[in-house]
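Before any comments, here is the structure.
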Amino acid sequence: MLQEHFDATIARNDRIEPRDWMPDAYRATLVRQVAQHAHSEIIGMQPEGSWIGRAPSLRRKAILLAKVQDEAGHGLYLYSATETLGVSRDELTEMLLSGRQKYSSIFNYPTLTFADVGTIGWLVDGAAICNQVPLCRTSYGPYGRAMIRICKEESFHQRQGYELLMTMMRGTDEQRAMVQESVDRFWWPSLMMFGPPDADSPNTARSMAWGIKRNTNDELRQKFVDMSVPQAEALGVTLPDPDLRWNEERGHHDFGQPDWEHFMQVVKGNGPCNAQRLAHRQRAHDDGAWVREAAMAFARRSEQERATTERAAS
Amino acid sequence: MLQEHFDATIARNDRIEPRDWMPDAYRATLVRQVAQHAHSEIIGMQPEGSWIGRAPSLRRKAILLAKVQDEAGHGLYLYSATETLGVSRDELTEMLLSGRQKYSSIFNYPTLTFADVGTIGWLVDGAAICNQVPLCRTSYGPYGRAMIRICKEESFHQRQGYELLMTMMRGTDEQRAMVQESVDRFWWPSLMMFGPPDADSPNTARSMAWGIKRNTNDELRQKFVDMSVPQAEALGVTLPDPDLRWNEERGHHDFGQPDWEHFMQVVKGNGPCNAQRLAHRQRAHDDGAWVREAAMAFARRSEQERATTERAAS
Amino acid sequence: AADLATYSLALGDDALVMSQRIAEWCSNAPDLEEDIALANIALDLLGQARLLLARSARADSSLVPALPDDSPVPPEDALAFFREAREFRNARLTEVPRGDFAEVVTRVLLFSTWRLAVLEQLRSSRDTVLAAVAAKGVKEVAYHRDFAARWFVTLALGTEESRRRLLSALHGLWPLWPELFDDHADDLALAAAGVGVAPSTVRDAADDVLDEVLAAGELERPAPARLSGVNGGTGRDGMHTEALSLMLAEMQSVARTHPRGQW
Amino acid sequence: AADLATYSLALGDDALVMSQRIAEWCSNAPDLEEDIALANIALDLLGQARLLLARSARADSSLVPALPDDSPVPPEDALAFFREAREFRNARLTEVPRGDFAEVVTRVLLFSTWRLAVLEQLRSSRDTVLAAVAAKGVKEVAYHRDFAARWFVTLALGTEESRRRLLSALHGLWPLWPELFDDHADDLALAAAGVGVAPSTVRDAADDVLDEVLAAGELERPAPARLSGVNGGTGRDGMHTEALSLMLAEMQSVARTHPRGQW
């Protein structure tokens, strides 16, 4: 009965809502996916955050600070979405810090120049959007609605990133070299953001059947490449892939494969910044413990005072 | 008997040594003076230390680092001298951190530009040398011998500081302005390094009688001014005292009085950096506690092992 | 217009330096909500800084550091990124290095209590730019003050640990509070002309607000005396703490490496 | 002589960056004796850096950043103060931000164990400058290693707390150890010519020394795998951690503000 109702909702591309019955595996898959997305937003604050203090113009400083703040906001919506699935933010934070849940591997690469702020906007947010736009139609209501808001902001960030690179390309030779070098570093990791090739992605089929995912990894990767090539041309940078060329027959670009072995190393925790990112989060979490305790103690105190006042008044 | 022997030693300008009897008040005065000097060396590492990381040439970085290291070394000798008077470094550190012992007020002023590194060498070390050269003949042996070594290194530092300012004065307009601005800030505090006017310095007479001090504050201050005026001229900077002029009759320079009220504020703890300097020292001390404990535990362990081995061998 | 320029510069530098320090909290706050709130405060102040530095540059272009002829850097950025510490006119309260959460709460409370009192009067400035900045700023800074006051009371009455930390922050920052109300010659002239606000005139209003917050937190006004100046000057005269030049080393590094850069 | 230039630059950058980090301990060490010892190590490495950067500049002046024509900055200073992070060739181990005392002890142990093994061989370099730097450096770095090894064992066997901190430092730094022994094309060519030392050839000697110190501290070799590179490169290729550019922002700030300055 319940299963049938669920299946029917999925079949007609309608939304599952928190009060609806859902299979345990569906719930678990969703929690994992939404939590990973939320964690990515939070960890993703770090690589760009380290340049807020050094942004070379007041305008760029404001844009960057606002962007990193938006990421915190996205984390907030997404943790709220998982709460509707019965898992609290505290529990998920614990899972992140203990390494039992992941975040997007792209944030395990360092930001080495201010151009990276632009490149992350253009390529990383660009790839994220390719991944996320279909998720606006995902079958779980709160997740889909969060994604609509997030995608709107992400495409704003992407335009700002691209515009920063455009501006830098109109600047000095050093700035142009900085942009190219940054693109060289982020191109392959961006392609990896879509996950392993479909052949090596065992969970994709089930997630698609459940309407949690809407496209395969390879479909989305192709879309991203096709989108990025003309943008790179307009920008005046070279994408670092000798196999990249237009395939008239397919109506798509052919392109080389990322180094998947390296990708697995990064996923397993040996990327250039995995330890650094988790240590940063852990430190901030630990440093804040006394504040969270104080807030709870204060809330209890206020509650008691209210109770006392009410008793006295009654 | 003992008192006579002590008085006779002082009278013939000979040294009192640790094994000799000495009056309690002499010992207490010495401990206070030597400890204050030691603390000044240690706290004095901070204002210049903050520029090691930013020294604008490799040569200046090496000179500055070596100088600050020398200050630590001076602290070490002086604490050793107080140990011969029966007071340990730990006790004195406690006295410093709790505010019961002082350090030279000059270190409660901030270093605001790299020129300050030169000015501190020229004026502050210069004033210190004026104060300290007579102390090489001080009546307490270990203190006098420490001072001989310290004075040698201090005059080296002074020459290096002056040479830095000389070099900067040959540089750009901005550099010359930086030197002048720095001299403007450090001139008056340097004059204050000799302590209040003789009329307000009640302990001077006794310290001189004991051979702990060899000159009055005002004598030393005059000597410093007379020494500094031609150096300032050679450098091409103006000393910020409208009353400063050569007095043919006296054979000395006349000069204005520092703001003694401000001086007392700084001594009382309200100088621009008093809290900062003590907080820095306290933090370093606290951060190092586990290391000092580990070293003691390791020493006990090694001692026990040695004892065990010896027992086994006997 | 030199006094209008230095007056705007001081208000702008306060906002810029405070914003830079608060932005250091990004990804470091106790929880997401506070991370977002602190970023908001930093953003508001950064916005005020841009307008005020631009106002300053327009009032007296001789304040703007010279850059290569072909440099595309706008004047407000030249002021932010190409001045040395000695040329900044912010109050020293704003530049103190980042401490714990109690420290930032207390610093924002003190700063915004003072600034709100100033901006409220500045809304009627005869300078339309200053009046407009103040009108917008009043709303922003009122929010900053409320955020800080709420947390100040929470920490004061929360746990023993939070009260201990709050007291330590308050005693550390208190010596920097009086400096905010020092009148400078420029201020008085400008106030007389109906353009600026003499800081001393808002002292009582600011103290009253602070007393209320302290009372809610069951705290007394702290004892420490004001922090001495250097060579007779304070932050407003370019006499800062050692922390400012280190902060600027970071803040200005990219801009200074690329003085002809476009961003 | 391009390969000699980049080889000297890598050895020089290692020394410079390590020196800068160790110098941050100045006035912060657990006791005066350690403050002095760490300053000594920083000074020795700074001395090596000056000679090696000067050697690099002489071998290939095209590496030296261009400065205004009337700039009096000597080439080794131009290399130190006017390159961006991307152009530094130091191993990433040297640039990690300052941690606790266990961290600096462990870092100096790893670094000097490696460097001593390299310098011992480099004493017979056909390049007389490198040979001379190595001959002097061997004595210095042997002292650094002994200092670090003594403290390493002390902390390992001292208290529970010191052992915990030491293990944490060791696990944190271990992923950066293998990078020191990577051969680059330049290294191999130079080693073949009898001028340089191929890093891979000192791996066993260095591992043996380290094993001895670990054994004395009753510790096992740690497990963590090597830290991935970035885009296929590591520190030697200019691919650094985020910490380096921040460190350089401070280190270069005065020099860059005054490119025509005399110091």
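A, B, C and D label the chains in the order they appear, each numbered from 1.
Heads up, the rule we're going with is that a residue touches a chain if its C-beta (ideal position, glycine included) is under 8 Å from a C-beta of that chain, and two chains touch if they have at least 3 such contacts.
Values in this document were obtained by computation on a predicted structure and should not be read as measured data.
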Touching both subunit A and subunit B (chains): C, D
Winner on C-beta contact pairs when B-C is weighed against B-D: B-D
Subunit A and subunit D, separation of their C-alpha mean positions in angstrom: 36
Mean-CA-position distance for subunit D and subunit C (Å): 40
Subunit D: positions in contact with at least two other chains: 84, 245-246, 249-250, 253
Per-residue multi-chain contacts in subunit B, two or more chains: 54
Chain contact topology (line, ring, star, complete or other): other
Chain-chain contacts as defined at top: A-C, A-D, B-C, B-D, C-D
Residues of subunit A that touch subunit D when the two form their complex: 47, 50, 54, 109-113, 181, 184-185, 188, 262, 265-266, 270-273, 275-276
Residues of subunit D defined as touching subunit C within the complex: 84, 245-246, 248-250, 252-253, 256-257
Subunit C-touching residues of subunit A, taken from the complex the two chains share: 42, 45-46, 49, 52-62, 65-66, 68-69, 72-73, 75-76, 79, 89, 114, 164, 167-168, 170-172, 174-175, 280, 284, 287-295, 297-298, 301
Subunit B contact footprint on subunit C (complex, rising order): 84-86, 172, 175, 225-231, 239-242, 245-246, 249
Subunit D to subunit B touching residues, read off their complex: 16, 20, 23-24, 26-36, 39-40, 42-43, 46-47, 49-50, 53, 72-74, 76-77, 80-81, 100-101, 153-155, 157-159, 161-162, 165, 250-251, 253-255, 258, 260-263
